[in-house]
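As structure tokens, here come the structures.
Each of the next two complexes has chain A plus one more chain, namely chain B in the first and chain C in the second.
On to the complex of A and B.
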């Protein structure tokens, strides 16, 4: 790596700029407002398309993503203009359907390709049909993820929506025909409760004396993991690998996880190894791997649960939970990366797609040969350090609602062609890493145990992309490396896809010096009752009130409700409807 | 001259050492010392004092002169100054002669209007003669007292020189070649043709030339009367000398480059025709700069850097008000052309050719990522280091082989050899 930052500068960038002040909180709040507004805009669009059916023209997922990204960019234009150097999209809009866990953000030119690559997926009954065709159907659980940053202060949001079959009630209003009763309902309930509980837990970090005694006396990583695992188990669900509750800092909002081995990582992450530890809790298996984390990167970069949540920090709660109602035995929830390397899919349950999101790896340097790629790399470098889509680099982005829509889309299509050419060279030289599309898979545990481990303790391979330092081997106790696990998932006939529910929210722990009132408060930038209402569901499970941890969870929920003596949680509200959004809706009508 | 203490250079004797020391410090003693070094006899104090007085008087008389004399003049310097003075005088003479000639010409023209050409010629001769004599009369009077050169005033000197010149003056008629000896033609045009073909005598800007004969006459006078080269103003001792110089050096053309050279012959030209349009005017003024640029072209290289161009144009924009449009200057390292292009010197070529990687300035976001990075990367493959290593291995191998050879020398190849000493 030929880039270097002096010690003084890194002190400023990593420490001083992350101290919460009025100005910093303002930036966070504005970013949160824009995120909330964009989320509301997208949920509104989806409602209009599939529930109220006010928009006649069908819109694919790719178009929805593009429109929401355009909306975010035009909104960002109005704030902190010429006051900050960098502001923009922190996570391009992704809309993941059912078993797609993350990263589904196709470009507009992918719509046709996806149909070509996945010729087996033809009928709407196929589980992957919504993703492939881009048209949603009733019963789909979709995860909307988006985020913006202002001067590196990031706010991200994920929200799960359910596409309902609609009915008209007595008052003449369009309402869902009924609650969601599927196993997906368990996961939605678990995710919602888990997210709200972790928000309350983090609020307790500001006033530790209010923490229920059954949960201990300090908010730390172990407690967060315990609470989330308890809730997931109560609803017969499992936490999907890749979930995390982590501290975010300026420009370090988890977008580079797996690429940059981040110094002083603070957060709880859920990986396959944690499931393995749970499954092997009664057996006496030693850790087989020899690769110690400290040999590869600084120890502070390895995520461990030994941390305490402090006031003045910003946290992102990103939970993905999958229901285990369909399965009858013990198993492992893992993620399979979707790629376009196979060219064509020959099975109904196999998805072939290419990633839409890319992240620049600034540690890599390479002299590119093609002029197109050099030009593209320059624009990528100017774009910032967050994930981007190729369409964001086009001069035809953002989509202007006042102009002809189809014309803009075809112009964008044309730009994408040259970008793809350039991107292939850039990605081949590791200057950019694509953010993978991941599908949640369940493998029976006995199948994993039957697997012979010829390499013994030396099970280690470099094929796994985007793994956190210290977690390179997915199953360290059994010594199963990423490549082996991948083949295991593909070879086992019992492997099934799991629907995933995801909720993500960003919270700022404001101490009394920066809070709006007298008391220290938790500023919830994204999510909350206004924009991320839970869907209408019905789950068969409920929390067991005899468990002390569950009792603590109930107490926390009461504390949040108590306005006088409880925890202060302030939610950032989406912006009022303004001209620009009206214009956007107009285009909706036009289309 | 008694006493123990003496001064050998001044041949003096002292009674006390104090006296001797005091004497040694005097200017007189120093002067005598210098004389002694120059192997001259010592002078007495009285003589020395008178000398000093005389000198100090002279100094007070002429301050400027004193300053010059104080400086030790080298022979070369003296000669150069003399030459300069002489040149100055000659220039003045020439100016006088030119004035005279013009006056005469004007008169002659007046006369010509009244009388026929023959009469005009006579009158001209008559007119010229008195003018010369009139001027000669006072000079002769001044020269009569035969005072040494130094004591003449400058005017007198000039007049005397003028006289000398006039005496040795050779009239070169218009039909005769300026450069060849005794080469006459039947008319002026054929003569010009000869001079152009054989000597490269080209008359510039003939379009605006009004008095061709006057110009050639002026030049002939410069050569014939002033014995001066028309190009480099070389001063010949005689007409033959200057002609030889001009032919040898190919100084047979009319210089027309610098402002002074143009002004010298400007009275024979009339450029009013070219003043009609502003554009033409500017074109003309632009000429000198172009000429300079052309001259330097083989030496200067175009620095085709966009940034610098931009800079240069910016500079031009700033200074637009007080600087002319065609703005050409040399700042020591680069030549700034009016177009805004900077021309660098060839000697700096290697620096202009450098294609350095621009320094990368990280944005705050990139800086944060780099600062937070803890990945350790393999060092890049360094070919130079590898080559060094390879050489080390090679020499190691060679050393080993040599060692082996040396050891083999002392291996006993005679299995049954028995050393007698060991028996």
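On to the complex of A and C.
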């Protein structure tokens, strides 16, 4: 369905409101500050729980998500009150453990259900058990993702943490027992270096003359892909489908990818088709390589690498990288959507979980029958275009740290019961779309190639997860559709789960008229040295300095360090935690 | 005509005849529906060409129905070719040959300029041309198998891993603290 929006209005919404002015940058900065503070709050909670062990009461992932969401909402209350129409959570807190790639954000009432559903399938030794039980264990790699928007100006962050076994050093302080040496360490190193390099690359877009000569003379999509792929390959890793480096605009922060076809999509995306093209690129079959340099006359919703990064734009760098150290063959990295149903076709080792995040699809209309659903839909519609959790709609949200914690949780639990009832009707009529929980899988290529594929790319998957326009067929050259790939992943005995590491950061490319100094600068809203420091790891791999691309990457790192002649990168700092009235960080202590 | 219950009623003759008629009717219906014709993808398929039983008989081609039942043996058929029809076919063939000769001469006289718009091919010629096209495509490798071949080559090529360097000191990030 097309929503009728006049040309003038769409000009204002898409163009004028996205021009970087002082006020816009200020909203971005405030959103970034809140995101940074919330990330700091959550990492602090996890450290207190699992490392310093100052909080005795065990807290599940669901509770951590809920507390962080409450923290974000309480913090948002203090800014732009009555000044903007919309502000809120841009992405509810998700905590993904190991192979869970995205979307793990259970509600508080899911904790018992998850254990019950997965009773026979997961044992405590299983790497999925941390997700199921909600209690983390040493050696887990967790990805925290959260975000906040003010008036549609969005800042998102993802950060990867490692849960360590703890030791006490000579000074009497609690420290990690040692660096992480697993294959996961390769992925953490690759992701950290790739993110920092892409940030520096985007900063170069403001001053293209500073770009190292080995990387060309203009920052475009191909260059970003080359750099990220090079770093991932150097660390024997692969980029997980769903990674992206994309421009974000007001209310268009990638939260509706696959639901709304976004006109003038500008960004690099990584999908299965790119892995296929990567393999074919070395082959002598020249006409089979992916045609990237198309001359597009009209702006399209299909993402291609054929764009140039300009000043005055906001970019989100969202990279997910998986290590390939434990596999000996070449394989395809793909994502499997976790199913909430258990039936005959359900495998023994498969995870059962239901998605916690929903997005309203405003293109759909339906007259709902249940009163509960209608009431729920009204509150969803007030919530805006961003993903939400059911608990956010409850009157008992946010959790107030001054009141009794258990009482509030049980009240929330009661609210969720009626919400679930209403949500089932809403979701069944496609008024809301679940954000899927995805697990990273690896399938060997030989299994994919041996399989016959009679239907070609024509087979249709009604349960397909959200795809970007133009990327509906995961392997277009082989003609393997999403449904076929799904069955391939399930049928292959060699398929394994891959741990995923994720870093996401939002950056604003400020030209000299909006920057704090007189030089153009890159304002890093989220991530950076204050909140997203890498965990202690050691990887056996390193970047090969003989490669010209790698030389360019090292030069970029030098440029960021050089304060006088290099690139100006400014980071948004987290706020002081103690000044607010919603000092939720004490919640942990009270309980 | 004896009545239905008459003693002298020739039961066998009528019954056999009606049975044969029923079978023939059914067979005809099946043939009309195209159950005996070959699949369009098959080698000997004559889909799209003009269909004529007498011409088939004249050239001694098997009808699809009998070929299905007894391949290569030419089974029982009710289709006949009259002397008159055979003569007509002969005559038409002569005319067709003359016509072809004429167009060839015309094409030669007009020279070999390819800009000329081609005369609209008849339906039959079109069908034959299309079939030849398909056959040619089948003979050459399709793009899917080319991709598969290229991918097999790529995954068997172990040397193209490139770049990974494990000889140095490796990479260490972070330190002995909880960030």
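We take it that the second predicted complex is superposed on the first by the 548 of 591 C-alpha atoms of A that agree within 3 Å, B and C clash if a C-alpha of one lies under 4 Å from a C-alpha of the other, contacts with A are read in each partner's own complex, and residues count from 1 in each chain.
Going forward, a residue touches a chain if its C-beta (ideal position, glycine included) is under 8 Å from a C-beta of that chain, and two chains touch if they have at least 3 such contacts.
Here the structure is a predicted model, which is why all the values come from computation and not from measurement.
Contacts of A:82 after superposition on the shared chain: neither chain B nor chain C is touched.
Once the two complexes are laid over each other on the shared chain, residue contacts for A:116 go to neither chain B nor chain C.
When the shared chain is aligned, chain B comes close enough to touch A:250, but chain C does not.
Of the two partner chains, neither chain B nor chain C is touched by A:56. When the two complexes are overlaid on their common chain A, residue A:534 makes contact with chain C while staying clear of chain B. After overlaying the two complexes on the shared chain, residue contacts for A:402 are found with neither chain B nor chain C. Residue by residue along chain A, chain B and chain C are tallied for touches, and C comes out ahead. In the superposition on chain A, A:233 makes contact with chain C only, while chain B stays out of contact range.
By the touch criterion defined above, A:449 reaches chain C but does not reach chain B. Residue ranges on chain A touching chain B, taken from their complex, read 1, 3-5, 9-10, 13-14, 17, 85-86, 151-152, 249-252, 256, 260-264, 296-298, 300-301, 362-363, 381, 384-386, 469.
By the touch criterion stated above, chain B contacts chain A in their complex at residues 360, 362-377. Against chain C, in their complex, chain A makes its touches with residues 43, 47, 51-52, 161, 164, 169, 174-176, 179, 188-189, 192-193, 230, 233-236, 276, 279-280, 282-285, 288, 329-330, 445-446, 449, 453, 456, 477-479, 532-544, 547.
Chain C makes touch with chain A in their complex at residues 143-144, 146-155, 157, 160-166, 168-179.
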